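What follows is a structure written as structure tokens; I'll ask about it next.
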Amino acid sequence: MGAIVRQIGERELLLGAACIVALLLFSLISPYFLTATNILTVLRNCNELFLIGLGMTVVLGIGGIDVSVGVVMGLAAIAVGRLLQADAGPLLSGLAGPLAGGVIGLVTASVVVLGRIPAIVATLGLFGVYRAAVFLALGGAWLSGLPTDLTSVLGAPVLGIPVALPVVAIAYLIVFVVIRHTPFGLHVLATGNSEVKARLSGVSVRRVQFTAYVISGICCGLAASFYIATYRNVAMTIGGTLALEAIAAVILGGTSILGGRMSLLGTALGVLLLRILQNGLLLVGVPSLWQPVVTGLLLILVLGTEAGRGRFDAASLTRHLRRPGRQGAAG
Amino acid sequence: MTPPLIEARQISKRFGALTALNAVDLTIRSGEVLALLGDNGAGKSTFIKVLSGAHPASDGEILVDGRPVHFASPQDAAEAGIATIFQELALSENLSIAENVFLGREMTRNVLGVPFLKRRAMKRQVTGLLDELDAHISDPEAPVGSLSGGQRQAVAICRALNLDARLVIMDEPTAALAVAETRKVLQLVRRLADSGRAVILISHNMHDVFEVADRIAVFRRGRKIAERERRATDPEEIVSFITGAHPDVRALEMQS
Amino acid sequence: MSSRTSLTLPILAGLWILIVAGLAILQPSAMALSTVTTVLQFSTLLALVSLGQAMVILGGGAGIDLSVGGTVSLVAIIAMLLDTAGVPSFLLPVVCLVAGTLLGLVNGILVTRLRLLPLIATLGTFYVYSGTALAITGGSAIGGAPAYLLPWGRGTLAGFPLPFVTLVLPLFVLAVLLLRYTAWGRWIYAFGFNERSARLVGIPVDRARFIAYGFSGLMAGLAALVSLAWLGSARPNIGQNLELTSLTAVMLGGVAIFGGRGGLVGVLAAVLLLVTLQTGLLQLNVNTIWQVGIIGALLILVLLVDNIRMIRRTA
Amino acid sequence: MLKTRTLLLAVAAALAASTTFAAAQDKARVAFVPQIVGIPYFDAMQQGGEQAAKKLGVEFVYQGPVDTNPVDQLQIVQNLINQGVEAISVSVLDASSLAPVVEAAKAKDIKLFTSDSDAPDSGRALYVAQASDQGLGYTIIDEMVKRAGEDAKIGIVSGEATASNLNAWIGYMQERVKEKYPNVTLLDPQFAGGSAERAAQIAGDMMASNPDLKGIIAVASTTCPGVAQAIETAGKIGAVVGTGYCSPNTARAYLKSGAFGYSVLWDPSELGYLTVWAGKQLIDGKTIPAETTPEGMSHPVTYDDKTGILLLGDPAVFTADNVDDFNF
């Protein structure tokens, strides 16, 4: 893995430096930026996007993509909210999130992997289907003013930090260990590099892909528990734009959208940088409407720095994207 | 006499209306290098894909040590001791040498049900294999993407050795290599056979074939049309088989 | 390629007939010329944008244009800002075309010169374009589109909306001819399908792809012009969701996401199918959320059918 | 292949059949098109509309877009016109978006009017207003100043930047502050789209950048939960007064927790009721008197013939004390 570490090391340094520069700049302009409360606010705002980003990193790692993740989080959030309303207690409700997410992940995985539909098209279709499901599950009304059980558990301070932060850190560690220290991680990278080669090497490509989408579902579900704890509300439009934001953050972090190269630390830094910029710009008085523009420019600038290094070879890419079913027949 | 290591009987493979392989018989013994020759589309690649479990045969059977086997996947073939080094090498450029050598059958240690990679042990073993092959690769952690073509062949051979393969199938191992690298790879091939393994070599390069092979089989239009001991033939005869100019081939093709 | 197209069209046509028949039975009053007008009217923006999207995707290299919706919004805003700033209003159509093309060419530069992946490059410009349109207007619409545009934008010819008759139809016909009978069109298929060999035979892949992104921008600019002429004002979120809807239409229309396969007739058919479906459900007063779900399911189903056919043929 | 295609067609047919709603159209129909479906506010309007329809003997049609997208809304209105629905009311997303359909409606002699959110110059028949925009903007500021003081710093979190009714209210808030409370600082409005998450994020950032912030106004009902939640999480209950235009049911938990000091709204189901009633008057060709109590309503409403505004009444202010008296 030496080379990959070296490659993403560069990007991580870049992002880390960008975070620090942003921190310095904003704290120069606004005296309120480098305060404990504000830093905590920024960190807390990272939670959902980061958890979804973790799963998205793995999905992009296998060379897939999932544009339905935000709505998956929404569906899981409904499950969590309904359980809270039914007085199921914080533990059960909280765990219902990842569980529901995992189940939805199974559905996504089945459609994408078993249906052999290109991931971007399949998840675009599922995005619509899940949205309709959110609407049906909500029945036209919001879940609003949900009980604070989960909020008080995840928000309880330990040494001045809300419990939520260590929980997110543990989720990160689990995914990190699985990716970095188990065969599955290698299989993800091999699959993302080339399905055909991975299969020839004896990797059960389908199973790896399937697992990746389920992991992503579980991550979305965990994000749902955090979402409910933080916002105690589910509206019909929940998560509609989260997927694109997550993809942007993960790509910023140095994970290749073509698969085979991923950085979990980069994802963390990408999310952090986005949130720092959003928070900082508001603090220095830039209207929130400009935030998407900054996100977009950041994406183009950071990835543009790789211009000319031949990262993107369109020819091999086209080959790479073709479905395995057809490739087999050609030999 | 012991049965041959591998015996393929009447293997056919059809893709829809296209017959890629037509009733091919072939045997391979331990310790020998068998070269498969033939024009593009002659069926060599299809044949080794059948042999390595990548494609199921439409007809015919494969015997290992005299016993019929059925390969549903490359893993099945690997378990029977058949390792294939494909033309595209099947190496993941984004993984290290050690990771590639062990890909799909990593060494792990179970902790609480989680299979942790034994990176150090894998690295040690790969270092040993690379030394054994005299491959001149110092760092098993180097990404395969940074290696030369010959070095990649060495990694692929390492992988085959690591599988305890008794038959190593190599598809055009020297196709894209410089002269010096080609020599190196041919030496590796010879060393494999000398260590008691069987090697099937697909090549277009007559010079390479005559340098390293013990036996030569020629494919044409999905059939095996000739088989010769290297000592009993010469490049001109083989070329005439390949191009179809040889009288035997003409006679055969008149019939059908 | 041809087999795929020929299968897509019957499926789309079959579904379309089914929807129309269902509507005729359930809501006979919907069988009126005004319904046709409505369907075509609301197809116009989507059809134009989908045409550009289809060209980009056909050109392969993982081509995709997520910025189309943002481009439509931003072009409409730019055009009206210039108009109110005193640029002669007869130039407004020209401004739309030029602005759209330029925004599209920015994508082209990012993809062909900076070698950014199209998905990433256009995701970036999607944020930038749609965000800028909202931010510079503070979200409010800019009214007062030149009066001479309105008769065209809202007029009909024998029940057919003028923008559809004068823009969508000719452009699709032209584009189909272009793809079928010109070298440029064959190139698109060639490098969309197999870029390496296309480069080897000397097709200027990068230049053609650059032009394809410019074309997509041009189509978005035209869509912006239509929206101005139709609504009489520029709205900073007029293009909202067009990126995903156009993608849906293009996929549904039988264009392979990897490029090089599919045709434009299918795309137009898919656009008409989608809008007819929406219209039908609206006429039956079915909750709009079902549209979202049904269209999503339809997309998956049509691709599944295609896959089943593929698997059967190769088995 | 034939089999799969048949299957596909069958599925589609089943879908089409399962959504049958064709009914005999002997009754006059009044339609209401909200800005977005699936939110409690418009849900309540729908319920009120249905009650009115039952009471007044008309048929009620409720159709709205899934996203706050003016073109989708336009498409819905156009289709209602094509259906020949006799009276159509719209909660306008964008004031000029009605222009293309107004003529089409006139040509078919369909009464097109607005409700909840207006398009004043579009040629609509009338506007059913929950309260005057001015009243809403002024009330929320007056109530805020009562609680946060005459020198308070107040932030605004709105929803879609393109929603014309929300922008009108914000305009009146700014006007009120300028004219009456010179020492109050009203921050520029920030926009969260329709997402509670973004609203919370923005409100949190706003409090961090303005530690002296005394109040936050959630303008769109979609942003209420987010703003309230941000105040709770920041531990600013008591220090920052939250408020917004949201229904008692949405605001209840936050009013009780103290994150919201009050909430300003009217009864949206009454507004829905009045909308259908107005539609019926238009269909029947009746003139609406300057002050009248519509059948089935408990209080009078006023109508200004000059501006065409039918006013439901004054906005209500909900607090922790009275919120349990309401259920909408």
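The letters A, B, C and D name the chains in turn, as written, and every chain counts its residues from 1.
Heads up, the rule we're going with is that a residue touches a chain if its C-beta (ideal position, glycine included) is under 8 Å from a C-beta of that chain, and two chains touch if they have at least 3 such contacts.
The UniProt protein names, listed by chain, are A = Autoinducer 2 import system permease protein LsrC; B = Sugar ABC transporter ATP-binding protein; C = Autoinducer 2 import system permease protein LsrD; D = Autoinducer 2 ABC transporter substrate-binding protein.
Please read these numbers as outputs of a predicted model, since none were measured by experiment.
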Winner on C-beta contact pairs when A-D is weighed against A-C: A-C
Maximum centroid distance from chain B, chain identifier (CA atoms): D
Distance from chain D to chain A - Cα centre to Cα centre, in angstrom: 34
Chain B and chain C: spacing of chain centres that average the CA atoms, whole Å: 50
Computed distance of Cα centres, chain C from chain A, in Å: 29
Centroid distance [mean C-alpha coordinates] between chain D and chain B, Å: 72
Where chain C touches two or more other chains at once, by residue number: 134, 138-139, 287, 289-290, 292, 294, 298, 314
Shared interface positions of chain B, touching two or more other chains: 15
Where chain A touches two or more other chains, by residue: 131, 135, 287, 289, 328-329
In the complex with chain C, residue positions of chain D that touch it: 1, 4-5, 8-9, 11-13, 15-17, 19-22, 25, 37-38, 61, 63-67, 69-72, 74-76, 78-84, 94-97, 99-100, 103, 160-164, 167, 191
Residue numbers on chain C that touch chain A, as the complex places them: 60-62, 64, 110, 113-117, 119-121, 123-132, 134-135, 138-139, 192-196, 199, 205, 244, 247-248, 251, 257-260, 287, 289-290, 292-300, 303-304, 307, 310-311, 314
Chain A residues within the chain C interface of the complex: 65, 111, 115-118, 120-122, 124-133, 135-136, 244, 247-248, 251, 257-258, 287, 289-297, 299-300, 303-304, 307-308, 310-312, 314-319, 321-322, 325-326, 328-329
Contact footprint of chain A on chain D as seen in their complex: 36-40, 43, 66-67, 161, 188, 190-198, 200-202, 204-206, 208-211, 222, 225-226, 229, 232-234, 249-254
Chain B partner contacts - residues on chain A that touch it in the complex: 1-4, 177-178, 181-183, 186-187, 189-190, 192-194, 196-203, 260-261, 328-329, 331
